[in-house]
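Read the structure below first, then the notes.
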Amino acid sequence: MLSLGSWYLDSKGLKTPISPAWREFVSNQTRGGTRRSLLSRHMGTLMFLAGLIGMLIFGWVFFPPMLYTSTEQPLQFNHKIHMDEGGMECADCHPFRADGTFASLPTLQQCAECHEEPIGDSEAEKAFINEYVTPGKEVNWYVYSRQPMNAYFSHIAHVKTGGFSCEECHGDHGNSESIPPYQTNIISGYSRAVGGQAMAGREVLPTEVMRMDTCSDCHIKHGRRTPCLECHK
Amino acid sequence: MSRAKEKPEGAPRYAMTIDLDKCTGCGACMVACAVENNVPPAQSGANDRNGTTLMRVYAMSNKQAYPHAKQVFVPMTCQQCEDPPCETVCPQNAVEYDWTTGIVAQIPVRCLGCRYCMVACPYHARAFNWWDPTWPEGMEATLNPDISTRSRGTAEKCNFCHHRRQLARERAAHEDREMREDEYQPACVEACPVGAITFGNLEDPNSAVSKGFAKPEAFAFVEKLGTEPKIRYLSSQKWVHDMARSGVPGKEATNG
Amino acid sequence: MIVTRRHILKLLGGGAVGTIFSPIPWKLLRDSSVWTQNWSWLPVPQRGPVGSAYSACTLCPSGCGLKVRTIGGRPVLVNGISNTAWGKGGLCPAGTAIHQMPWHPGQLRSVKMRQADGRFMEAKLDVALAAVAAAIKGANGTVAILDGRPGRLISGAYREFLAGKGMIVQPPSVARSSMKVLRSLFKEDPGPLAIDVDQVKAVVSFAASVLENFGQPGLLQQSPKKIRTIQFEAIQSRTALKADQWVPIKPGTEREIALGLANLLLKKGYAANWDEEDRTALEKICAEWTPSKVFATSGVDEATLTSVANTMEIGSTVVVAGPDAVGGPLAIEAEASIQTLNLLLGSVGQAIKPVKIAADDPAFAAIDAVETKDLADVPAKSIEVLIIDMAMAGYALPWNLLADKLAPKALVVSLTPVLDDLAQHSQVVIPTALPFTTVQDIPGHPDFLRSVRMAQAFGAPADDALDPVDFLNRLGKILGINRDVTAADSLSELIEKQAEVLVNAKEGVVLQPKKDPADFDDIDEADELLKRFKRGACFVAAFGQIDTALKFSFDSLGKISDETKKHDFRMQLILTGGVERASLASRSPILSKVDQESGLNPFADGAHVNPETIANLALLPKKRWVVNTPEGSIRVQIRPDPTVPPGVILMSGAPNGPKPWDVANPVELASPGQKSWRIIPAVIKEA
Amino acid sequence: MDKTAISRGLQRAPLGQFLLWLGPWIALLAFGVYCAYLCLRYGLHLTNMDNRFAFGAWIFLDLTVIALGAGAFFTGFLLYILKRKELRAVINSAVTIGFICYSGAVVILMVDVGQPLRAWFTFWHPNVHSMLTEVTFCITCYLGVLAFEYIPILLKNRKLRQIPSFLVFEFNMHKVMYVLAGAGTFLSFFHQGSLGGLYGVLNGRPFVYRESFGIWPTTFFLFIVSAAAAGPSFILLTTWITSKVTKKRLVTQEVYESLGKISGYILIGYVLFKTIDTLVWISMTAPGMGVHPDSFFASKPGYTALHLLEVTIFGFLPMAIYMTKRLRSQIKWLVTAAVLTCLGIVVNRYILTIQTLALPTLPFDELLSYMPSWQETGAFLMVIAYGMIVYSLSFRYANLFPLERELQRN
């Protein structure tokens, strides 16, 4: 053990340790140290563990929610009613335009075709008629899965050419009776549905997340080439 | 590296010919390019060296005296090299040779702005966003949603208006047919008032570009660097060819 | 039991390790980099349904047809309409960005009036109008309207407004167009003439920019068959560069060359079928201009001259002279001599059937009631109230040409969307609508085949922008002037009126892009015609046959215009610049790609001088220099330029500066003493 | 407090005087930080770089600084691997300088890339063909190594030593010091090389493109050699300057001499390789790319001069001085040679970075010039100031020159 002194041997080749703290330490090491309570001997270790576990809990439990703000949609919307009682298909309200581009959400005018007068007597229905249809004001929905401007997604290539069903990416949205609040990442400003939810690992289903990896994984699975320009603009 | 991947069957290789005898240097292609690709107007203090010109027209002269002076105007954009010097240098794959189109793709959102690619490009075809992109108040309304606006601190270049191909493909899919090559033409090609620019698929031997490439008037700039550009310039004037090769009219590069 | 510093350190250590195994650092790293891809201050293009609409470019008289791509109703892209009778589908850079004009940063947002101290102040519209009205009432000199683009519906309204009270003034380069000179060569006026470019095999041009900005861009290049071009020009302009043959000449010797060519053509018996008297008359004038003498004056050697003469075939060669967009027109006799060649070549196209002018056609209202003068013919210091509507005429007009005509204390009013160079000199500035924000009519050239088209609007004009028709109405109200034929609330109403007239007249045809021409049998309603106009249609009056028995008069060829007075300006200043660069208002800021971020606008900066001249006169580019002309001087930087002949200074007449709408106008150097300001005596001195 | 923090037996200037010395540097640092802020906040147009001069002062200075910092790895290599024991006298100083140079370089890098927050993409989506990827990985790792090598030097501080666990840590660190030195050497050999490769691979730039051995162009190897040559010279220089500034003997003459001798030996190789390389490039490489070598120098004769100077005055001359025993024994000659060698590195990096970009590649283009803006310059001064401060503090509170105490006694 003492040979370790050799390593700060100075020009004189002086081997004896210099600092008193060091002497005490060395003696502790060699003679097992003076008697001290168990706790105080392991105090350091405990402290370390406290820090470790504390941060782990904070990081995994409390940190993730802090990243997101959620905004209520301007109106509640019941997809299920439209599907069941209305007997409608997704494509009735979310069609392709004449040039093959995807129309995304219906315009107020499209809605008004059926909803000139209130159908049923839900609060949302009333609000819709009074605040939007009558004054002719478009509803500015928050679109959960709207891709950022640098990403290009062709619905027709997936739905028509690729033969995907809406559910495969959007989940069972069509049967939802209400729409959840829209969550935004406070740093990136992305929708949570696009930015990803889980903190660890990588979600595989686009219903959970629509990150680049999600797209490329699926493309690779289906043997599609994935040049950058395929999806980036 | 994309070179390793083999080209998929029947995939096109897009290319361009530019006829220097026709080009009058009006600059319509530059403006059309800027408009189509959401390039902002010059910032005050911007100049021909730090401006964002994905398509830029240069004047090349034969260095003679009046009245023997001659000039041609050279529209210079990304040459979509088969062996792009910019691709291999990018540290994080923001540049990629797209084997499905032959286009050298530049992806600004991946770019960290190290500008190594710009140093590597002998055609100075790349531009860096030295400023935040800004438009006069309200003019954002005229921006083209088919392509993003690029943030400050990223490099960009011509992608042959690839987004136009995407749209053409969507239209074709909607009409249950294959996309016709003439449906996809970059903005500069459309805009050139004298029809100096031709664009098409090099894999198709009957396409206008394939024929253009075969012409004796066809040449590429600094060919000997071996980047194999997919843009060929056409000129019937010998001095233009000489300049393009050696930078000296009427003189070939020695031991070249 | 004490907690020492060492324990705290261990706590922190544990925390650090814990953090690394928690999502915190990694998620933050990722989100912060995603944030840089999604900066809130980065404009995001709005999505929407894609559509397309037709319109026309109103930036210059060429009025190219436009196909506009709209997204959610917003214009995002314009293209020319190819294969139409009025264009080949090419657009100039300015036209390519016209859809951005509604957001022009230089846009005038209020009425402006000049104060005693010379500064502009915002003013109420009524105040301004009252001032103008008062001036008109009190005027004992002339009240004039400067109409930059005659033939529009508003031109008719102007005439009707001025009927019996004033005159319409036309800027030189429009008023003295080649066509007008050509017509002056006939003993009795054959009416409007036309030259059908599609029939042409060869074009001999005198400094006309036929391969750049001559009418619609690419007019000749895109024509079905190859057209041979021969360019006589002192400067190696871009047209000269691209022409099949460029003949460099001494500046200002166009007339001599033309007469020399005429001389040779006469010897080839081109005038064989002419009236004896006419032929001898012309021969007398041309006789002196033997190739050798032409060489002496113009520097064009005999061989070249003869070879050019030999390439000129009857029926398939057209000779054009360029009133350059900025450089101003040629002197009349030069122009006339050049047009004489067209007579010899028989290339003067069919006369157009004189349009039966319906009494209620707003475009022709009060056509005889008001005298129309070329600016040059207006007596000096005679105008007391001048209302300027240059309407993006596509060229810059030297202010001093106007100033010369103004009476002391004259009131100058400008109708303009931006504070352009002429507006800078006015006392009252009335903001009008920017292009693409208001419907406009696109007339054909007054001296050509009559045609009518319509430019559609996208979006509304600025709040303070005043419709010129409305301007006349309000002014008329104060002055008690009522207009009948052009009575309307707005330009679009006038257009509807004219549609009525055209439909009733049942003359001519309606050409439509990608469709067969329609006549008025299937267009029986004004609304139908308007609908077609919206779809890019063009009304064209019918062609007629030219009367071959017409006799000519060559008086205008002989006399030389009064020489400029003696001066010690040893050099020649030539102003140049393209149409799209000439008008301040007519450029979107995106044009800075060309003007500012490339070397393409070579004239944006300074005076271009031949390297030899620079060497001889020791004009060190480092120093600051001034170009002096009889009219004044301007600070310049010297640019060596081998395309400029020795002894000549080449400058852009186009207003230029760091921003397109800045005003620094070299055209002010033009000399009003001369009928042509294409060549200005000048000298370079050290600043 | 201050007194007790200074190692036993070492004389250091009074605190006041020391702070007086630090003052200006701190001011400069503040100014530099402001400049860096400007560039990051408002965009890089403030740097006067442009699309044609896409690399500016920063890359030139980065390359230079890192080359000079090479002393750290090379001295470590000589000491721990080749067992040149006498270098123990300067190893601490060398490591400190290395640490300063590398951390400084990384800071500048983060200011001058457009999107520093995306820098980690290089680790997540690396393009293995890019020299810059190689550089990024190596520099990051080596910076880590340097930090590890630097820590024990800090821990030598008298105050910190009173914490036994630190002592143990320090002790164990020193046991692995050989490993660290080895790793460091390996890493820095690589990135010194890849920094050279950075330019040598540019087949679009005939002025810098060089034939390659295996996957690396000759510049890769030339950079390693030149850095290895410059490193010791820079250590020699800094040590000498420090001893002059502090008016103390820090190392013995023999240390200076052996540093010089090492530089000298490597310079022989460098001058030789460089000459061969240049000849090959002039006569084969460039013409092969369709460029007549004249055209490089026709535009500005100064360019040729620089090329010659680099090999002669900044290469051969110092080498000669180092290798002549009589001259080597005089400190003034050693220092002269060291200065020349360091200048040589500067010139070489300048030619490679700045001249390359100034020369046109398109036939209708002409020679460009470029001058960094005050913001850009300020950002670099920030690093200089940072270096001075760190080194001053280390010199005062850590024992950078183990021989110093003894040299003071007698």
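Labels for the chains are A, B, C and D, by order of writing; each one numbers its residues from 1.
Everything that follows uses one rule, which is that contacts are C-beta pairs under 8 Å (C-beta built on N, C-alpha and C of every residue); 3 or more make two chains touch, one makes a residue touch a chain.
These numbers come from a predicted model, not from an experiment.
Engineer: Let me check something: if the centre of a chain is the mean of its CA atoms, which chain is farthest from chain C?
Structural biologist: D
Engineer: Between C-D and A-B, which chain pair is linked by the larger number of C-beta contacts?
Structural biologist: The comparison resolves to A-B.
Engineer: Can you tell me which chain is nearest the middle of the complex, judged by mean CA position?
Structural biologist: Measuring from the global C-alpha mean, the nearest chain centre belongs to B.
Engineer: Express in whole angstrom the distance between the two chain centres, defined as the mean CA positions of chain A and chain D.
Structural biologist: Here the centre of chain D sits 43 Å away from the centre of chain A.
Engineer: With chain centres taken as the means of their Cα atoms, state the distance from chain C to chain D in Å.
Structural biologist: Using C-alpha averages as centres, the distance is 61 Å.
Engineer: Taking the mean of the C-alpha atoms as each chain's centre, how many Å separate chain A from chain B?
Structural biologist: Computed value for the inter-centroid distance: 38 Å.
Engineer: Taking each chain's centre as its mean C-alpha position, how far apart are chain B and chain C in Å?
Structural biologist: Between these chains, centre-to-centre, one finds 31 Å.
Engineer: Specify, in ascending order, the residues of chain D that touch 2 or more different other chains.
Structural biologist: Correct list: 115, 118, 121, 163.
Engineer: Could you list the positions in chain A whose residues touch two or more of the other chains?
Structural biologist: 99, 101, 149-150
Engineer: Among all residues of chain C, which ones touch two or more of the remaining chains?
Structural biologist: Touching at least two other chains: 6, 32, 35-37, 44-45, 47.
Engineer: For chain B, which residues are in contact with chain C within the complex?
Structural biologist: Of all residues in chain B, those touching chain C are 21-22, 24-28, 30-32, 34-36, 38-39, 41-42, 44, 46-48, 51-53, 56-59, 61, 64-67, 69-73, 109, 132-145, 147-149, 151, 153, 187, 190-195.
Engineer: Write out the stretch or stretches of chain B touching chain A in their complex.
Structural biologist: It comes out as residues 8, 93, 96, 98-101, 103, 105, 107-110, 145-149, 159, 162-163, 166-167, 169-175.
Engineer: In their shared complex, at which residues does chain C touch chain B?
Structural biologist: 36-37, 39, 41-48, 71, 74-77, 79-80, 88-93, 95-97, 99-100, 102-105, 211-213, 216-218, 221-222, 236, 238-239, 241-242, 246, 248, 578, 580, 588-594, 596-600, 602, 610-612, 642-646, 658-659
Engineer: State the interface residues of chain B toward chain D in the complex, per the touch definition above.
Structural biologist: 1, 43, 45-47, 49-51, 58-61, 74, 76, 85, 88-93, 110-116, 118-124, 126-132, 151-155, 221-227, 243-248, 253-256
Engineer: Please give the residue numbers of chain A that touch chain C in the complex, ascending.
Structural biologist: By the definition above, chain A touches chain C via 37, 39-40, 43-45, 47-56, 58-60, 63-64, 67, 97, 99, 101, 103-104, 148-150, 185, 187-190, 195, 199-200.
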